[in-house]
Amino acid sequence: MKRKEIRLSGAGGQGMILAGIILAESSLFDPELYVVQTQSYGPESRGGATRAEVIVSREPIDYPKVVKADILVCLTAESLNKYGQEVAAGGVVIADDSFAGEDYSPPEGVEFYSLPIIAKARDEIGLEVTANMVALGAVDHFLPEIDSDCLEQAIEKRVPEGTEEKNLAAFRTGQQLLSARV
Amino acid sequence: MAEDINRYLRQDKLPHIWCPGCGHGTIMANMLRGFARSRLDQDKTVVVSGIGCSGRATGYLDFDTLHVTHGRALTFATGIKMANPELTVIVVTGDGDGAAIGGNHLIHACRRNIDIKVVLFNNSIYGMTAGQFSPMTPTGATATTAPYGNIDQNFDLCELTRSAGATFVARGAAQQPRQLIKIFEKGFAHRGLTFIEAITQCPVNYGRRNKLGGARDMLNWQKEHIINQTKYESLAAEERQDKIPSGILYQDKREEYTERYEKVIASARGSEN
Amino acid sequence: MAKKGRVKLVKPDWCKTCGICIEVCPVEVLELGQDRIKIVYPENCVGCENCELSCPDFVLKVVDENEE
Amino acid sequence: MKNKAGDKIKENQARIMLLQGDEAVVEGGLVAGASFFAGYPITPASEIAEGFAEKLPALGGKFIQMEDEIASMGCVIGASLAGEKAITATSGPGFSLKQENLGLGIMVEAPCVVVNVQRVGPSTGLPTSPSQGDVMQARWGTHGDHPIIALSPSTVKETIDLTIKSFNMAEKYRIPVILLLDEIVGHMREKVRIPSAAEVEIVERKRPRPEDREEFNPYQETEDHIPPMPDYGQGFRYHSTGLFHDKTGFPRGKSEDARLLMDRLMAKIDENLDDIILLEDDLKGDEEVVVLSYGSTARSAISAVTRARQEGLKAGWVKLMTVWPFAEDYVARLADRVKEIVVPELNRGQLIGEVERAACGQAGISGIHRYDGTIIPPDEILDKIKEVS
Amino acid sequence: MKNKAGDKIKENQARIMLLQGDEAVVEGGLVAGASFFAGYPITPASEIAEGFAEKLPALGGKFIQMEDEIASMGCVIGASLAGEKAITATSGPGFSLKQENLGLGIMVEAPCVVVNVQRVGPSTGLPTSPSQGDVMQARWGTHGDHPIIALSPSTVKETIDLTIKSFNMAEKYRIPVILLLDEIVGHMREKVRIPSAAEVEIVERKRPRPEDREEFNPYQETEDHIPPMPDYGQGFRYHSTGLFHDKTGFPRGKSEDARLLMDRLMAKIDENLDDIILLEDDLKGDEEVVVLSYGSTARSAISAVTRARQEGLKAGWVKLMTVWPFAEDYVARLADRVKEIVVPELNRGQLIGEVERAACGQAGISGIHRYDGTIIPPDEILDKIKEVS
Amino acid sequence: MAEDINRYLRQDKLPHIWCPGCGHGTIMANMLRGFARSRLDQDKTVVVSGIGCSGRATGYLDFDTLHVTHGRALTFATGIKMANPELTVIVVTGDGDGAAIGGNHLIHACRRNIDIKVVLFNNSIYGMTAGQFSPMTPTGATATTAPYGNIDQNFDLCELTRSAGATFVARGAAQQPRQLIKIFEKGFAHRGLTFIEAITQCPVNYGRRNKLGGARDMLNWQKEHIINQTKYESLAAEERQDKIPSGILYQDKREEYTERYEKVIASARGSEN
Amino acid sequence: MAKKGRVKLVKPDWCKTCGICIEVCPVEVLELGQDRIKIVYPENCVGCENCELSCPDFVLKVVDENEE
Amino acid sequence: MKRKEIRLSGAGGQGMILAGIILAESSLFDPELYVVQTQSYGPESRGGATRAEVIVSREPIDYPKVVKADILVCLTAESLNKYGQEVAAGGVVIADDSFAGEDYSPPEGVEFYSLPIIAKARDEIGLEVTANMVALGAVDHFLPEIDSDCLEQAIEKRVPEGTEEKNLAAFRTGQQLLSARV
């Protein structure tokens, strides 16, 4: 495995950056894995689009940004629109089903999953803000490099105190979304 | 009926990007209501702001507006007012912008008693940079740079500006919009350095970290703690402890700076003949 | 002070659902909707303008009842 | 009504006076229409403030002493936006303090003049001794990329001329212009003729017409890259900010806007190098050695070259009046045909770096450096000419 | 008794963590023995202040948030003279404000570290976007001639290492050291190993012995040009000033003293270039094109060169970790043997000027410049390599 | 017998280069007499000054001394005191250095109530740069930059520092050396931000230009206009007009900054366990 | 307060002839010489220390009469 | 006449700079004359040695400082010691007689005048500070390029109001010192 590029995109407040950090932090448990996580906010520190990027690799990582994502997650139509074509062949796109599907077609050789991420978070977990963890659960499926356990540990460490259970539940819900489908 | 403020707003820049429940919008709206009442000329009014969430106000206000470096708005405003004393010059600043890095310019503008209207949005925190303590953060509160509780004491800015020489000093709060409008109306009519501290809430970077609840709770805190000056004075010393007086706290008629400079011009011209 | 008036949403899109208007309303007029404020009981409105003067997002305006 | 300075000075006759360089900034400024000064005293620049304090009010202009140099710089930019021809003056320590607001002035494109009468630094250094130690700071003192114009006179007469040019370039290109004196020029007295305003070219900023108020874009790209600029209070109600912004003056946070604005700011200068780069030379065409200098040092250089020629050496001189933008092409061409360029400076070697860069190995470059508050005598330059000839 | 930080951190074990560059400054600083932080918040450097605010007091160190950046710089120098390993952090606008006091720090030779996490300037610019636009300012931002050391990391790991080096060089050479991050490095997270203090070299300033109190000359010339430095309160009762001074610390107003002091200050650095200039390269010896870069841009460069080689091009890379003093000799030698040096920078061309100067026409130099807050992707560098190959 | 000050002076740097009749020497000498009485440790005392004639004091004082940039002495002093709270830290500043360019640092040091003793040599002018007006130049006086008379109003620095949070505020004058010594003695014993305004004469750049006569006349002016606080308070408002109160004007016991920081250390250490 | 003492010139070279000591002396003791102060009538000195405390140049010191 | 270099040296407070300015200003009346005047103070703005330099020429003046003085005036022993040898052949040195004479010997071809400048100012004018004008009067003798009238006008313009007469008298006293001797 040379490097795997993951891009998590959405709107400010959807917690994509936290999801990125957790993803990156889960790599701590594997001494062989290199990881770099970056983000970009809009020019305003609040609102607007946000994007977190994580690259994992078994070799030192030079360029720290995603060139073509191996895994792309989009929680807004805007982000799918913006990044939907910058996906590597063999990669996957995961988008929320509230908007995704209609006019999006993935590039050649890219799998596309339109999943009820936000809906599950809202309806099953009862907290829409856990959509980021649901999404992470879905991503887990395509990340054999990282142990699901490690991800769970990273979640426990990084989410606000008292919300660990909800977030773990959301994560697992996300995992199931795909194990059910793929 | 309340004044229409839309004619003073750049409609295409709205909605603003202040957070939900941020008091900055309330202060700005009531500043405009006060401005409307003052009947000053919109085309002859310049608003200058520094950097901070409060500093964003100039982007929304339909005047000549200038958004400068952090803490320095008053210096630019001084140049504008000196250059053209006909202009109404308003400075919008924050408690960090105006009282931390900009503190010197504030006291010197007061000392000169130059006719600039300084509106300081006091939310007790550095909002824009996400929650470091400011010179107005209460002792004991937590902030990202005061994880063990703030040991700094905060200024009483109304005391400070008065003792520096401001000739109109007032304090209002988002929770008391009617008083605020009146303060602004009177403040805009005053000729000389006008200092208005407007207490406002930052639910995101102050309220949340200090477990003060949301915007609504923070407004209720204001309601309980900010009381009219006359009422404040009637209280015993112990009762005053946790109270903050509001209203027009001080007003005076010292000659304004640009007027005094007119005399320099006159005397220089005289001495030439 | 305003005459008897009635509250309107003049900039409904600008509402950020902070709930401040609800807090300051002396009667029951307003309720939070999904992504904006809703005027639920307009008839209760006493035209006090509390909401208008407190809203940080310039959403509400109390208009003269006769003007409608 | 607002007082407009400059009205009166224009009627003035040319006058012959004995003036210090600092005083020449005042006289030149008034000829150019300076109507506003804000500053904070500092040796060896205080005389400039004192001169304006005395002379501006009689002309209806304004003088204000601010609480520090940061405030002075802000004040001058504010006055400029309100329509004045504004100027401030300082020395190294104050120039360091002005840097942040200088960057703001560049971003909002406020015409103004910033004088630095150089003394020996760093820090408090040698407050009463001459130096050319702030030349690189004039180029790079504020953070971030930015265009800059910096002029540096070598005589009192040139100080008058370059002060007028500074105002003219500031107005023409909507940019703060740095006027770099050194303590020698600032404090020396020479007999000079102060021209009347009628004799010299005086540039006023382009102002929009009142009818442009509709759909006014204060930071619009234009053919010359310089958008017209209204005074505050003329009803344009426009916005200026130190954030990157588009033509409307507002930040949109698009990276494209940052690039476009920066390109326009640089283009204002880069496309007008012929107008901006002022220099004098005395070259016969057969030079082996050319002495390139600026400021008071140029006087030693000219003296040395004159003597070298008398002694039969093939020497010439170049005096830069514009130090920034640097006369890169000129120096490159020069380097192509001479053996050596000698660069005397009152510092440890600053502009010589630019000469080396421009010469690109085509000529030898040697420096003469003094940084102890004394000046370089012609002898020393003559010796160097002989050494490298 | 005075609390001494650093005692505790030394016992610490090495740890593996996911850290931002800003956080790495904190961790690296603590390993190096940082015991004092003074600062003023600013994006994208605030996390450094926040980290020290949290971590210093538990180690008996001190954190103070000052009223502005000028005050922060003064405070750090004061703490340094009182014996602390002191650090401050800011971004462009604050770095501009620190310049005057930075010069004072250089003059009184106060060891300290000044971090600038670069965002796009000038002025407020693009506060949340990365830039390498303050590189020239780091060299020339304060008035007057002066020596400077500036380091710039490209990874979070390097940020830890170079923070430690910054403190070490500050202590060793008695000079404020600039640590130039860019927003990318400041905010990116990487998995890193934080070494224990026992594993790394930690330098402490030379302190005089108590018996040196008699006839103590605080600014004495020494073999290594670095006079020993007592802490305040140790009974040396010595004087420091931003004026030029002799070995006793007092100004005598002799021009000779100015020259001697300046020469010593420069010699501290110039005679130790081998120790100070840190760089890495990957050169096979047959390169036609070498990409020279620093900071986050170096990562794109390495990526591009790796690919270029895979495609059979004769390319190599150099990564500067020390940007000032500039690796002049190294670049001169490089230029002698390669066809082209490519210099990608997140600015309109800053350090490339030094490369041009050092290359002296011996190699072609081409720049890749981004100044819009986005970063340079490897593709663009690869294209350039191909273009000039 | 008056205290011997020579042991606090760097004999080889004297005589000082202040002008004949300059009050700076008188203030410095009496500061040292006050210091001698306070019995503080000379080796544990650091004096910091900025730029100005007043700033030269550090060159003459036999302590650890630091002569910094114009206006910034307090920032360095804050670093020193925070670093090592055991040290006695004194700042010597001028009315330009401390109240013009350095005004912000002054009010913020007051706000923090950090234990620094600030001695402001107020000669109503920028002495060193040869006579430009300062924020303490009286309105109407002339100065090189106020050739038509100064239109700025001066600060009441004691009012200002008190309202900013100083816990020891006093004013003395060169003409009243005994009071001055007492003020210094008490001020040095105070723990917290100690602000002492010392009124002094600059016969060369203030007196001469304003036709106030020489040093002796200027001292007589001080005698007539500077009166003890208690006496001042007994005067009617009109009588106070041209009088300046002197003495210890305010003292208070708020907790000092480095002491408060010790608690941060304690709590951070506690939270670690 | 000083006991009965007598004024001395401890640093005569430092005097700048400003005359302040003369101004503050309650009796006639001091006079200005060409380039420094002179103690003309030492016997008049009441040891009040006014001169010592007011001299900006640390020239004068009042010593215990007995110490001489 | 190429250029004539005049150096006036003394202690702070002796008014040598004012004398230099007056000398320079007197050139205003001759449209053909170039002039440049410089000074140097000690590092301290008060006390210490001061020196004013004036160069007059019928051609533009490049180097503005004195290299070898054609006329050197010294009012202190220190200044004579410092500058006494930097005098051009054919030049003159004028020094106050209170110190000059004993161990000073002028360079080859340089005339030396030890004159009672300070004494005359003190005793005849009654104001020691007018020594600078006495000196100027002496210098006048060696400056055919500048009309004595012009010097007198310049004096009237530059000296403090009310002191014109004393200063003019001092100047004339200086003139006589030399016309009496030379």
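Labels A, B, C, D, E, F, G and H are assigned to the chains in the order they are written; within every chain, residues are numbered from 1.
Just so it is clear, contacts are C-beta pairs under 8 Å (C-beta built on N, C-alpha and C of every residue); 3 or more make two chains touch, one makes a residue touch a chain.
None of the values given here were measured: they were computed from a predicted structure.
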Remaining connected clusters, assuming subunit B were absent and nothing shifted: A, D, E, F, G, H | C
Most distant chain from subunit B by Cα centroid: H
Centre-of-Cα separation between subunit G and subunit E, whole angstrom: 58
Distance between chain centroids, defined by C-alpha means - subunit D, subunit F (Å): 39
Inter-centroid spacing, subunit D versus subunit A (mean Cα positions, whole Å): 54
Centroid spacing, where centroids are CA-atom means, of subunit A and subunit E in whole angstrom: 36
Interface hub residues of subunit H, defined as touching at least two other chains: 42-45
Subunit B residues counted as touching two or more neighbouring chains: 19, 67, 69, 100-101, 103-104, 108, 130, 135, 148, 152, 261, 264, 267-268, 271
Where subunit G touches two or more other chains, by residue: none
Complex interface listing, subunit E residues touching subunit F: 1-3, 36, 38, 54, 57-58, 60, 62, 64, 66-68, 70-84, 86, 100-101, 104, 108, 231-243, 250
Residues of subunit D defined as touching subunit H within the complex: 16-18, 43, 126-129, 156, 184, 187-191, 296, 299-300, 302-303, 306, 375, 377-379
Complex contact set, residues of subunit F against subunit B: 100-104, 107-108, 111-113, 135, 148-149, 151-156, 159-160, 162-165, 254, 257, 260-261, 263-264, 267-268, 271
Touching residues (chain side subunit B, partner subunit E) in the complex: 51, 67, 69-71, 100-101, 103, 126, 129-130, 132-133, 135, 144-148, 152
Partner subunit F, residues of subunit G touching it in the complex: 2-3, 5, 10-11, 13-14, 16-20, 22-24, 49-50, 52-58, 61-64
